[in-house]
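Next come two complexes built around chain A: one with chain B, the other with chain C.
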Partner chain A sequence: METLSWGAIIVRILLQFMPVWIALAAVFVLSITYKRKLGLYGKLFDSKVGMVGFFLVMFWIFTGLFGAMDMIITHDPLTQISGLKNKAPGTPVPDSSKYSGYYLLGGDNLARDVFSRMVKGAFVVVQIAPLSTLFAFMVGITLGLPAGYFGGYLDTALSFAANLILAFPVILLFYLLVTPEIVESGIPNYMAAVLFIFPLIFVGVLLNSRFHTRPSVRTPLLIVVLGSMGWIYLSLISEKGGAIDLVPALLDGFDVPGGILVVFVAVVFVNAPTVFRIVRGLTLDVKTRDYVAAAQTRGESHWYIMLWEILPNVRGPLIVDFCLRIGYTTILLGTLGFFGLGLPPESPDWGSTINEGRKLLSIYLHPALPPAIALLSLVLGLNLLADGLREESLRD
Partner chain B sequence: MVLFLLRRLAFMILTALCLTFIVFALTNLPPNLEKLAKTQGNSRMADAEVTSWLHKRGYDRPMLTKYGEWLGVVPGFTISDEAGDVTGTCIKRSIDPANAPKYCGVLQGDWGTSTVFRDDVSTIIGTRLALTGKLMFWVLVVMIPSALILGVIAGMKEGSKTDRTLSSIAITTTATPEYVSGVILIAVFASSAVGLKWFTGTATKAMDDATFRNFFLPVVTIALYGMGYIARMTRASMAEVMTAQYIRTARLKGVKFRDIVIRHALRNALIAPFTVIMLQIPWLLNGVVIVETLFNYKGFGWALVQAAGNNDISLLLGVSVVSVVVVLLTQLISDIGYVYLNPRIRVS
Partner chain C sequence: MSDQTDYAGPILEIDKLSISFMTRLMEIPAVMDFSAKIMPGEALGLVGESGCGKSTVALGIMRDLGKNGEIVGGTIKFKGKDLTTMPAEELRRIRGKEIAMIYQEPMASLNPAMKIGKQLMEVPMLHENMCANDAYARALEVVTDVKLPDPKRVLNSYPHQLSGGQQQRIVIAMALMSKPKLLILDEPTTALDVTVEAAVIELVKDLGKKYGTSILFISHNLGLVLETCDRICVMYSGEAIERGSIKDVFDKMRHPYTQALFRSIPLPGADKNSRPLMAIPGNFPLPHERPIGCNFGPRCSYAVKGQCDQGAIEMASVDGNGLHETRCRRYEEIDWLAEPEVARQTEKTDRGAKILDLQNLQKYYEVASSSMFKNKSDVAVVKANEDISFSAHEAETLAIVGESGCGKSTLAKMLLGLETATDGKIQLLDTEIQDTPIAERGTTAVSSVQMVFQNPFDTLNPSMTIGRQIIRALEIFKIGSNDAERRNRMLELLDLVKLPRAFAERTPRQLSGGQKQRVGIARAFAGDAKIVVADEPVSALDVSVQAAVTDLLMEIQRKNRTTLLFISHDLSIVRYLSDRVLVMYLGHVVELGTADQVFSPPYHPYTEALLSAVPIADTTIQKQQIVLEGDIPSAMNPPSGCPFQTRCRWKSSVAGNLCETQVPDVQNLADGHQVKCHLSPEALASMEPVIKTAAEADPT
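Up next, the complex of A and B:
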């Protein structure tokens, strides 16, 4: 077989992404048809910037999801096929019973398919970035609201802790936290135990403050919600033979490998103080408003005011920051991969692939550039999406 | 004002103490000490050998004592072997143990010895910081003017075509972390595959002899990432000033648009970016670590990576003290500068 020309490579890559195009078309057609009924999300489709951002973000989300189902990839991302080391894009795979087709974006240093690795790498980001950002928001909101609302010593202590973490250079923190030695000592598990309890506290207080006047609704609701969240929490932090081994194996729903857990914890830990500062600042601003005073006069509890009066009213800036922060988390994950921290070395995530590719950059460009451009486009998409959301939420 | 400065100074010292203690605690965890013993001694040491190696160097004592020694508030560690020779952290090779100082910590000006580079931490940090200072200087020289010009031009006429284009450029650079832009820039301008070869892909030579050819890429890589953010802030600030009453008055008086921008708007529009620039400097430190690794420029960031990778306790502590001082000092300068630039705010 001949080596493909650039035109043929592009056509084949576009065809390979067919499931993504179909899913994207479906999302856009549905959203634009019903955009008047979809609130802020629907308004996104009025702004060109927002639409471009949304397109890029959804492209990588679908790529990650379909890639995880082995739909888009052409080869296994870990298989090495001899004779394809550092081969140029479009090189045909030597005919055999097991393999066929082309290395669309060439082979890397270990003769693996660059294209499939890039697609698989999207799933690593899609898995970790939004979820860890969500956790960081839970921690930041649960601590930031009372700090801003009550002030006093609580505020001083929490702000000092937040500033302390922010004074750390991120990379030094990563180097201290994300090493096999630290994983061995069990610190990530303890940190996970502390950080992951915040969603439980948040949801518990949220529901309790709303429904505490109606115990017949409140009690069963809290039992069901906190029970299931508690089970997820315990499965998440306890690991067979690890530092925290609380749950019997029968009940332990899933194990998170130590490497992934430590990355997750480190990213939440780095992001939470910034979210805390934002929420605290917004609360300080909003708590002087009339509707807060009205709620106080009505005799609502403090937590009801914080979670049901203040929080909904600061959601605009928080949603915008959430998008930006997922982008920043993606950058952080790439940084971890770039320094070879946390994720296993053969992992197809973009940071690790860029790190591997850069060593031969002066001779071969194709292993390093696709993950670099993928990361760039995803973060750019998230930034544009945040811009679009900001524009649209300011409009009314 | 003096009280304000004193409070900030106290805060800075407290933060530095907490931060170094955290670093100290993490680097002194048993698995990390074992790694240190194995990298410094022999990688195939048995557990008993590791224990005795750590004991001889005083690593196996309580954390607070060791931290106090590093600070210089607890007498330095000494141990005498079977022959009666006394060795210890405070006893330098050429000095008689009897005359050696009792305390040797940061308070005495002794930052300890790096286990990786086998040299005084203060000398290492001094030389590495000077190299990074050179890099940062050129980054700031490139970054600040280009970011301000970009932001001012974009903010002059909000919503215009120029504004849209320049804002897209700014948003793209903020979305490009250093390891992505660095890789792309090396690929385009330095690799033999594309063939431009305008610049070199490593900056090792730039440590002694920086030229445009070997220093441009690392500088631009850091500058690009920081630039976008400053430019966006400048644009927002400029756009806000341009809607102010006194600008409208000036326009109605018939002042030329160019004069309005330069004489009336610019000064007020540059207050907010000043704060942003100062707060951006600690963020550049991350970029410095990535770029120094990518371009093999052996500065402060490179030393950080070496120290962290080898669990070099003294050097890591030195590095964290320097970075916390940089972070808090820039915050202080931005606060004070903001007050001087903006007459509407006074320190309360």
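Up next, the complex of A and C:
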């Protein structure tokens, strides 16, 4: 078989992404049809910038999801096929009973398919970035609300801690977290135990403050919600033979690979202080409103006021920041991968692939470029989406 | 220069101006077919409720309509030149030099990072290439003209070092720096206190005469327009509906809306029981939902089907010479002199047992200059409430009157338990609550003292439905045993405040200001409150809505026999609805008595000044002019002796320096009438009434 021309490569790649196109078309048609009924999300489709951003983000989300179902990839991302080491894009795979087709974007240093690795890498990002950002928000909100609302010494202490973490060099922190001695001492696990308890506190206080006037609803609700969340929490942090081994194996629902846990902890740890500062600032503003005073005069608890009177009314800036922050997290994941921290060495995530490609960059450009462009376009999309949301939320 | 030469014709001539805002859904007409003319040296008042397009007209003149706004028809001629087609370059020369505009919020018009002097000097230096020395001389002259004390020091200070009233004077000075031909004032005093407002209005009037400037005065306050303007133009829903001289429009109005507007404001003589205010029924139409024919038709009591709801209505001349015009087809058929039918008269409610008693209540706040390194000598004390004693009875309305900084909000906070008292006693029924913060109060204690807030746009949580917010109050007050009961009660409360039940599912964003305030009232009465503290509940609302909300409050009060503590600075509304009045100044109760006692001599000198400051929209009223000098002293550093001595015009009548050294004792003048003043009973008795009605001249 002949090596494919660039035109043919592009056509084949576009065809390979067919499930993504179909899903995107469906999302856009439905959203634009009903955009007047969809609130802020619907308004997004009035802004070109927002639509472009949303398109890029959804492209990579669908790519990640379908890729995880082995739909878009042309080859297994870990399989090495002999003779394809560092081969140029469009090189046909040597005929054999097992393999066929082309390496659309060429082969890497270990003769793996660059295209498939890039698609698989999207799933790593789509899995980790939003979830760890969400955790960072839970931590930031749970601490930022009381800091802004009560002020005083609590605020001084928490703000000081936040500044301390922000002042610590991020890369050094990551290196420390994955150092074998530190992993053995269990510090990342203890940090996870602390950081991951915040969602529990958050949801628990949220529900209790709202429903404490109706115990018949509150008690079962809290038992169910906190029970299930507690089980997930315990499964998450405890590991057979690890630093924290609390739950018997029978109840331990799942284990998270140590590397991923470290990545999670690191990302939450460095993102939470910034979220904390944003939430604190917004709270300082909103707590002077009359509806907060009205809640105080009818004797509401402080947590009710913070979580139900203040938090919903600062959601606009927080949603925008959430989008931006997923972008930062994506870059952070890239950085971690680039330094080979946390994720397994074979992982197809974009940071690791860029790092591998970098070593032969002066000879072979093609293995490093696709993941770099992927990373760029996803972060660009997230930033454009945030811009669009901000712009639209300010308009009438 | 050529453009400085005198121009004989009208300074500003607006002809059939139409302005629209383009939104993503449709074009929203904000101003339609608007015409006006201002002659040199003349002051035109533009009056209307919020959303009627009066500010849009002003912005249209400045051609500053923003991205969405567009002039879609008509012309604006300034000294004969059409501004609508003028190139941007030429327009820039006119703005700020020949047309100056003064906005509502003084702080927003001043650059906080630049000294006052520099900001003022910039104007002539930019427009007339004046050298810095001449510009400084001009600045000094203008600042002296706006009657600021110590002009040199003012020029050398930053905006934040001045008070709100002083800032507004600087903004006026800045507008006058280039000796403009036309001055546009867009609600220039809304953010100021009444006594400061009176002084600023006085200043604008004088300066207009001195500089020969034409003035376009935009306001929602008919009283202010009466005091400042020669002619008036009333706007409703984007159209001018009546135009004429002040005398014509105030005394011989020929448009039903103008008449309804006058009937809905509390003029002297109105009384909550025998002559209640008449609210205008219905709501202001949204710009894209205007009716066919007369915009006011659906709310007009004179409207006739088939006549008022067809076609566009043109301005008609009332007197034949175009000086008094109205946009009403039926103005000749309506009997304008007929007395309005009084909707309902109510009995005066008798006041019940004593429910609240305050004795020598005191609240000091400590303000440390630096929170990090506390030093005992650095701690400043804000004396928010110095010595408050009064009592309130069941079913009575006690008005608390005073300007910002007098301590009325702190008093409310202590009643509600948001703050605890430094000293003194608050007795609610038979428990003392001055030391109990709200978290330690029982459910009944909390629900029995509730509050209605000032700003309707801030009083409801924007992300919760109306129903949910009322139900939440019911849950907290432990009313109703299950969800269904509480839901029923919530719907009943909506009925009580005369809102449709469908509003339960709406979010606050979908409600108008008056409707939001009704929800606020429903929420305050959710727990059968014994005492409701209403903090300026209607001051942010339009006049026609004010009447309806005030009446609603009165009606619920009558039904529930609630004690209403009505905090306000608007003496017209206070006179209308209160049984007793308490006047506060710098944390002191300076006067306390029944409404009749407080509103007629003898007065406390401060009450006298307050009464004189309130603009009254009635041409038959003669007011004594008492303009207070200076601003309210800071509560951090109150004057020695009598708190009011720094601004009091009666000080010379007291022998020696008693006023400066001793806080006066409370004098009991008549039954329940107290005045905290050093003036002798004879001096107090010699006071003249501030407001006199020329009863003979009254046409009705």
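Just so we're on the same page, the second predicted complex is superposed on the first by the 393 of 396 C-alpha atoms of A that agree within 3 Å, B and C clash if a C-alpha of one lies under 4 Å from a C-alpha of the other, contacts with A are read in each partner's own complex, and residues count from 1 in each chain.
We adopt the following convention: contacts are C-beta pairs under 8 Å (C-beta built on N, C-alpha and C of every residue); 3 or more make two chains touch, one makes a residue touch a chain.
In this text, all values refer to a predicted model and were calculated from it rather than measured experimentally.
J.: Just checking: does A:T297 make contact with chain B only, chain C only, both, or neither of them? Give me first, second, both or neither.
T.: Only chain C is touched by A:T297; chain B is not.
J.: For A:I22, select first, second, both or neither according to whether it touches chain B, chain C, the two together, or no partner.
T.: A:I22: touches no partner chain.
J.: In the overlaid three-chain picture, which partner chain does A:M69 touch, first (chain B) or second (chain C), both, or neither?
T.: A:M69 sits against neither chain B nor chain C.
J.: Figure out whether A:Y175 sits in contact with chain B (first) or chain C (second), or with both, or with neither.
T.: Only chain B; A:Y175 stays clear of chain C.
J.: Does chain B (first) or chain C (second) touch A:P312, or do both, or does neither?
T.: second
J.: Which one hits more chain A residues, chain B or chain C?
T.: B
J.: Quick check for you: in the superposed arrangement, does A:R214 touch first (chain B), second (chain C), both or neither?
T.: In the superposed model, A:R214 contacts chain C only, not chain B.
J.: For chain A, what residues appear in both contact lists, the one with chain B and the one with chain C?
T.: In the superposed arrangement, which is not itself an observed complex, chain A uses no residue for both chain B and chain C.
J.: Show me the residue ranges of chain C that touch chain A in the complex, using the header's touch definition.
T.: On the chain C side, the touching residues are 23-24, 416-418, 438-439, 441, 443, 446-447, 449-451, 453-455, 458-464, 473, 475-478, 483, 520, 523, 527.
J.: With touch defined as at the start, can you tell me which chain A residues reach chain B in the complex?
T.: 160, 163-164, 166-172, 175-177, 179, 181-182, 184-185, 187, 327, 331, 334-335, 338-339, 351, 354-355, 357-358, 361-365, 368-369, 372-373, 375-376, 379-380, 382-384, 387
J.: Chain C touches which residues of chain A in the complex?
T.: Interface residues on the chain A side: 46, 213-214, 289-291, 293-300, 308-309, 312-313, 315, 395-396.
J.: Which residues, counting only chain B, touch chain A once they are in their complex?
T.: Result: residues 15, 18-19, 23, 26-27, 29-32, 34-35, 171-172, 174-177, 179-180, 182-184, 186-187, 190-194, 201, 282, 285-286, 289-290, 293-294, 301, 304-305, 308-309, 311, 316, 319-320, 323-324, 327-328 of chain B touch chain A.
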